[in-house]
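Dumping the structure here so I can ask a few things about it.
In this document, chain identifiers A, B, C and D correspond to the written order of the chains, with residue numbering beginning at 1 in each.
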Amino acid sequence: MKWDHIIRGGEIVTPTSQYKANIYVKNGKIVTITDSELEGEAKEITDATGLQVLPGLIDTHVHSRDGGATYKEDFFHSTQAAAAGGITTIFEMPNTNPTINNVENFHKQVENLHSKAHVNFGVWGICLGDINNEDLQSLSEAGVIGFKYFWGYAVNKHTFQLVYNYSNEMEDVFPPCDDGEVFAMFEEVAKTGQTFAIHAENSDVINRLTKSFEKSGKTDYETFLASRPNVVEELTIQTAISMAKQTGAKLHILHVSTAEGVHLIRQAQKEGIPITAETCPHYLFLTNEDYETIGPSMKVYPLVKFRKDQDSIWEGIADGTISFVCSDHAPHTEEEKNGDLWTIPAGMCGVETIAPLMLNAVSEKRITLQQFVSLLAENPAKQFGVFPQKGAIQVGSDADLTIVDMKKQAVIKKEQLHSKSKVTAYDGYKVTGMPVVTIVNGVTVMKNGEVTGGILGKLVIPTK
Amino acid sequence: MKWDHIIRGGEIVTPTSQYKANIYVKNGKIVTITDSELEGEAKEITDATGLQVLPGLIDTHVHSRDGGATYKEDFFHSTQAAAAGGITTIFEMPNTNPTINNVENFHKQVENLHSKAHVNFGVWGICLGDINNEDLQSLSEAGVIGFKYFWGYAVNKHTFQLVYNYSNEMEDVFPPCDDGEVFAMFEEVAKTGQTFAIHAENSDVINRLTKSFEKSGKTDYETFLASRPNVVEELTIQTAISMAKQTGAKLHILHVSTAEGVHLIRQAQKEGIPITAETCPHYLFLTNEDYETIGPSMKVYPLVKFRKDQDSIWEGIADGTISFVCSDHAPHTEEEKNGDLWTIPAGMCGVETIAPLMLNAVSEKRITLQQFVSLLAENPAKQFGVFPQKGAIQVGSDADLTIVDMKKQAVIKKEQLHSKSKVTAYDGYKVTGMPVVTIVNGVTVMKNGEVTGGILGKLVIPTK
Amino acid sequence: MKWDHIIRGGEIVTPTSQYKANIYVKNGKIVTITDSELEGEAKEITDATGLQVLPGLIDTHVHSRDGGATYKEDFFHSTQAAAAGGITTIFEMPNTNPTINNVENFHKQVENLHSKAHVNFGVWGICLGDINNEDLQSLSEAGVIGFKYFWGYAVNKHTFQLVYNYSNEMEDVFPPCDDGEVFAMFEEVAKTGQTFAIHAENSDVINRLTKSFEKSGKTDYETFLASRPNVVEELTIQTAISMAKQTGAKLHILHVSTAEGVHLIRQAQKEGIPITAETCPHYLFLTNEDYETIGPSMKVYPLVKFRKDQDSIWEGIADGTISFVCSDHAPHTEEEKNGDLWTIPAGMCGVETIAPLMLNAVSEKRITLQQFVSLLAENPAKQFGVFPQKGAIQVGSDADLTIVDMKKQAVIKKEQLHSKSKVTAYDGYKVTGMPVVTIVNGVTVMKNGEVTGGILGKLVIPTK
Amino acid sequence: MKWDHIIRGGEIVTPTSQYKANIYVKNGKIVTITDSELEGEAKEITDATGLQVLPGLIDTHVHSRDGGATYKEDFFHSTQAAAAGGITTIFEMPNTNPTINNVENFHKQVENLHSKAHVNFGVWGICLGDINNEDLQSLSEAGVIGFKYFWGYAVNKHTFQLVYNYSNEMEDVFPPCDDGEVFAMFEEVAKTGQTFAIHAENSDVINRLTKSFEKSGKTDYETFLASRPNVVEELTIQTAISMAKQTGAKLHILHVSTAEGVHLIRQAQKEGIPITAETCPHYLFLTNEDYETIGPSMKVYPLVKFRKDQDSIWEGIADGTISFVCSDHAPHTEEEKNGDLWTIPAGMCGVETIAPLMLNAVSEKRITLQQFVSLLAENPAKQFGVFPQKGAIQVGSDADLTIVDMKKQAVIKKEQLHSKSKVTAYDGYKVTGMPVVTIVNGVTVMKNGEVTGGILGKLVIPTK
């Protein structure tokens, strides 16, 4: 058997061009790109005539809840959802149980995820401040994809789990790091040369305003927004930028949600400070005005903001201030999501819907398909040091491919999602443009919505 | 007796012009400005021929240590020093004992200071966070000149005194306010419409770096500077700017010491955010390079920084980013100032030397005498709502006048200072240009360096 | 007789404050300002109780057509109009006949104007390129108030009169200066240290577009505007800024009419390039939308533009980018102004209406009365080196005063204007706030609209 | 014969990655890229082991003097020089005789060049103002690569040749276009959607200053520079930017030589105005300080400026403000270049040295080899609408390839250049990194410095 897989007749799309060619795969790698038909048999042949063949899509921001709250989601389900949604690689967030605070837990997690992975995966390390500042170098060497800091969160003294509603009367809790401790964290991550990603909301101001607004008894979205105003994102981002400038840490702002955030990041980039940013579909396709029709399922942190913020975020996409888009996949059960806006958890499914939503944006001419490839494949691969192994269609690259049909129309349906919990803000959303084949390491894992592959995902480690 | 005081033959200097005229004073007010000699006798006649007559100078930032550490300084001495140095009004900082946290303590302090005041005075109120957030409106109505927040300081639970070397093991201490509590403070001061002045250094980062650098055993100024890097000023100023933008508080940055600070303030002003700034002579005339010759007496907080910072601060003066100059008069005893750089207290005398130093800058053409009047009289008077009662030579204004001789040469001598403790970085400093007469409420209180007046200072209250 | 004039009971207004005081005048100067009543009789006493007393207003941009087209206007009438409108000093533009291109013509003009002057006056010199580049230094020494360049205009070879509709087939004409000749002019004016004022419209582009749009046969204002688009102002201003940066000439942009102009000037000022700007009431109170109701009388060059330009110009006033307002008084006869929009002359009366219009803006809270004093008195006086002789109420200053009644309501009526030709865009315009007394060199020349003074205006020469 | 050419064992370099692969060529196109050896014989096999294989380099700015001054250079020689220097495509400038002002002359020129072309070529059209404004659309349809305007040059009335030392006494000459005529040109080119490239120097100011400095009798480079100061580039660029903003023309600034130019272009790009820029090796590797050793051969227009300009131009390269580098190849004979700095012609050879010089910059780490590919291949191809036909190594792209040896050291020697006239500023310049094979349309035309190919160059037409 000469070839493992031949993808025939499609149009290859890169960030700079589109051209027709056949792709030959062997041992999980792309070995030949040609306008000809080569001799030799293949285990698998995919006819991509009339379709676009893209580098496999990467979702850098996924909470599969595994280990930990596996009643909400687990890695088996989330990677099935990924495959179904055209994603060939996901990076798993480290706020699991155990959390990814040291090398031992990293290795355990890799083993755990490996046994369930329908797609390739990277694993984030967590920064807990002085608790694990000395573990960061070894975590880096072990192969984490980057470091994440949940700014402003307290940590349980025994389990090292994040504490979501900290008050200073709590026992057995490390209070949130003060700015000095955070500064030391920046210094330490800077040494690794890896991405230092932060959730950027000033929790002190949020807690204060929450207390004050909760008293009002109002439960509308506008009041809720007033308790988490745009300035809370601004405060944390600018503090982080100053620290990055001072320490050289390669700062990354997660899920940018405000015009102010985009502005600060753009300015810092112009000054040459090492900073990048991502956003998520909910900030691109929803605003506060949608709450009336969508309701609690669209509660995410940071909150979806206003029209003017959405406009600024699209501008940030257009001029490259924001270099990629990810899902912040964070499922909760239906029961959990029903209830008072102030108390229900934040987060929704995303890994399966991100590609359809962004392809629909291509159909609506908000971005080009070439930009789509930048945003979902090339840029994340470069950011995390796995390009051109990932994110490229090139001889020698991994045979991770996403084939899309830009003419296919579909309706997102909650009940058809592959996640364990299926909360989404997009139930009933119509899209034009769908991933129709997902190929991971040379093997088709999804075809026309059917997840067909097995557990063949591999750990992705940055080459730096 | 028709007139209380005639100032004859001098050249009046305002921010926009200089012209010769005689000034006639009655009941503590300027009643006539004329090129003629009016009829009628006068209690006092000052011949200002060949001299410049300026609006009385205002030092907005003075720590007279009264009540409290009166072994270092007291208001009797500090106001004598002010009169000697050509200052007709000082604003007393509120970190006294009792601290100025409520109306009762404000009234006590006014009474206390009134009995010792050789010059006019205003009194700052203090912001302690939730401890006294509800007292701010009544303090404002009672007549505080503005509000000061010592950002990052803890407070003793019983005395409400600032705690200067906080660690989180301390008992009986309110820890420093978190950002939420500070935000609430901004909201509350905003309602008063008064100046909200902050000491802008991120204490968390300072504490962290101090621990780390102290271990090194090094006691040189450069190492000390590394423990309080420029970024600590940047961090607090930008947080404050964001909160001012959000709340509308009339933010004022005390004693700007860095290029970064000047830059942030300039940008914020351009965006229309309500923000002003001051600096002090030590940031204008000293740099880290002077430590070798001057030694510990130049330790102040924020620390004196680098040449490039000094250059930026002068640019901030030139383009109006920084609108006035004050002394941050903060005496300690000689004994206290001798010792390890890390542990000796920060601060030095300033109220008596600020005018000579700045007049010398006029002689050196760094600023004009008209700018000097802006920086030391008109601008502070406007900032704190007491213009044109103070800060102007105009019919109806208070007869507070500083007469200067721009040809007079002098040498600053530590032992001749009028403060109780006489620590200064300028012992031996030669100046050209000296205040030679100080007139408060129409009465001469200093002539040729001799403090002659009695206790005639009055409380200054903003008209808003 | 001890005093020439006493102004009693009014409120003096300066750019920084307002206070009640009496003003005593002797020999054309302010000699005493006092809250008292001084002894001695006076030739004239003005009761200003309930009124505001301002420094005499200055209109820096007036075309009285004298000598030359005196059938349109002359200096006798224009200075009566000035007095009637509260203006105590006007600066006469140099495009007269003879033009003010050399010292001889300057002296002739001074003599001519002196014999007709109801108010004080300065005289602009003209720059004609190589024709008179060598006369600029002597003109400066002779006392011109500044230099004006009519950018893009051709000049008659014999009369040195401007040629308003140049085409390159014309004979006996010096074509417009090329950029090299203009550059040499900048170099030469720079040596004088005086203001170099330019009419900033790119005439090449205007001529080209005019030919192309005239063909269309359309005579509406929008088409006319399209033939003189905003970019023509932008082109000339930015060229001028570059030349000012290179040569150090003290550039002044006359009658700014576009948002683009304001933006360029603001940027150049931030970079420290020596540049100032003025605007006129028509750019502040009219837009293209008014043409339908006002018609041809509002044709001025540069044309009145759009709402967004007007907004930007007000912002330029607010932030100081534009430092003063003047009338560009340029009367034509009614007959001349009736006709085809493309061919009728540009210009209208202004010197008599500028103060009422701007006082009405005070009533409407667009500016404060203190800003009004900056814009119409202090700033122009400073710009042209005649402060504090003019533009201030101060002992020693000239007794030029404008007394206003902010409660007085009036209607601007064309037929009541004092100019020879009475074309105005403001016929029927209602205002609140009027000048009620004009005092020139200590003598009342207007009271309640009646022009009472004689020919007492004096030449104003910069002190530099 | 199955393949025309196999390039084996090399490392393919693109702007984003480098990877090993073999390239198979058929009918002048790349048909297969593979890590394998395919079956079938080949006409030509190139062993690129240890070498880098780049997309064929494009020199967008070449004056081959053919037709016209073919005693200086001709297309046979210039394209040999190109092949020798690793260039696979050149764009020929239109100031030839006949000039490329209409479709007829375009076709004649294509025929002329075709018969001598060792490499592929595009042909620029010229803009002469009203002379040929109506020919621009048909020139665009005929296939010019872009439009060039020699701003400020006069044109001979009969031959339409540029007049290099225009004075307004000349007969039979169209004077330089005024700004109105230029504006009309912008409008016309805008309609084509093609690149509008300008030589940006204000000739009026240059002529004026030249007359004034020539009189001085000085012939040093500094005086010469003073006659063509940086501001002349600034003046023309900013005028062009304003016209581009107004008309939508796709403005391109040729041979940027100043810091001011880079700054203006960067600002305009940030504002979204359609503007791009190029620079040349002489602005990157020479400064005024080199004149002493190099002498007249380095006279080019615009002149090589100062160190600070060079620094800014490198920054412009680094941040993408300047998107490509070209040679401005413009040979003159040795005799012509010997003489007075004021009178000798400007220009030197460049097409053969640009790649070695820029590869040496790679060796010196000023740019990466991936950036080199952007600057010399991908970016110019995109700018002129010929990507990915040119500028890419991709299945379906033209088989134009430049193979480089980054370890090869060489010395540039004047006498070894392939141009007819061999004036260069780089005689004796040592480089590390050389093009060693040039492949045009699949055929090797240069190997190890030997030009081996025949006349096989083809016309390149933008696809738009």
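Observations, loosely collected:
Heads up, the rule we're going with is that a contact is a pair of C-beta atoms (placed from the backbone, for glycine too) under 8 Å apart; a residue touches a chain by one contact, two chains touch by 3 or more.
Just so we're on the same page, UniProt names per chain: A, B, C, D = allantoinase.
Note that the coordinates shown come from a computational prediction; the quantities given were computed from them, not determined experimentally.
Identification of common neighbours of subunit A (allantoinase) and subunit B (allantoinase) yields an empty set.
Farthest from subunit C (allantoinase), judged by the mean position of CA atoms in each chain, is A. The mean-CA centres of subunit B (allantoinase) and subunit D (allantoinase) are about 62 angstrom from one another, to the nearest whole unit.
Per-chain Cα centroids separate subunit A (allantoinase) from subunit D (allantoinase) by 43 Å. Multi-chain contact residues of subunit D (allantoinase) (touching two or more other chains): none found. Interchain contacts (touch definition given at top) occur between A-B, A-D, B-C, C-D. On the side of subunit C (allantoinase), the complex with subunit D (allantoinase) involves touching residues 178-181, 183-184, 202, 204-209, 229, 231, 234-235, 238-239, 242-243, 245-246. Those residues of subunit B (allantoinase) that touch subunit C (allantoinase) in the shared complex are 12, 16-17, 19-21, 24, 29, 31-36, 38-39, 378, 382, 387-388, 392, 394-397.
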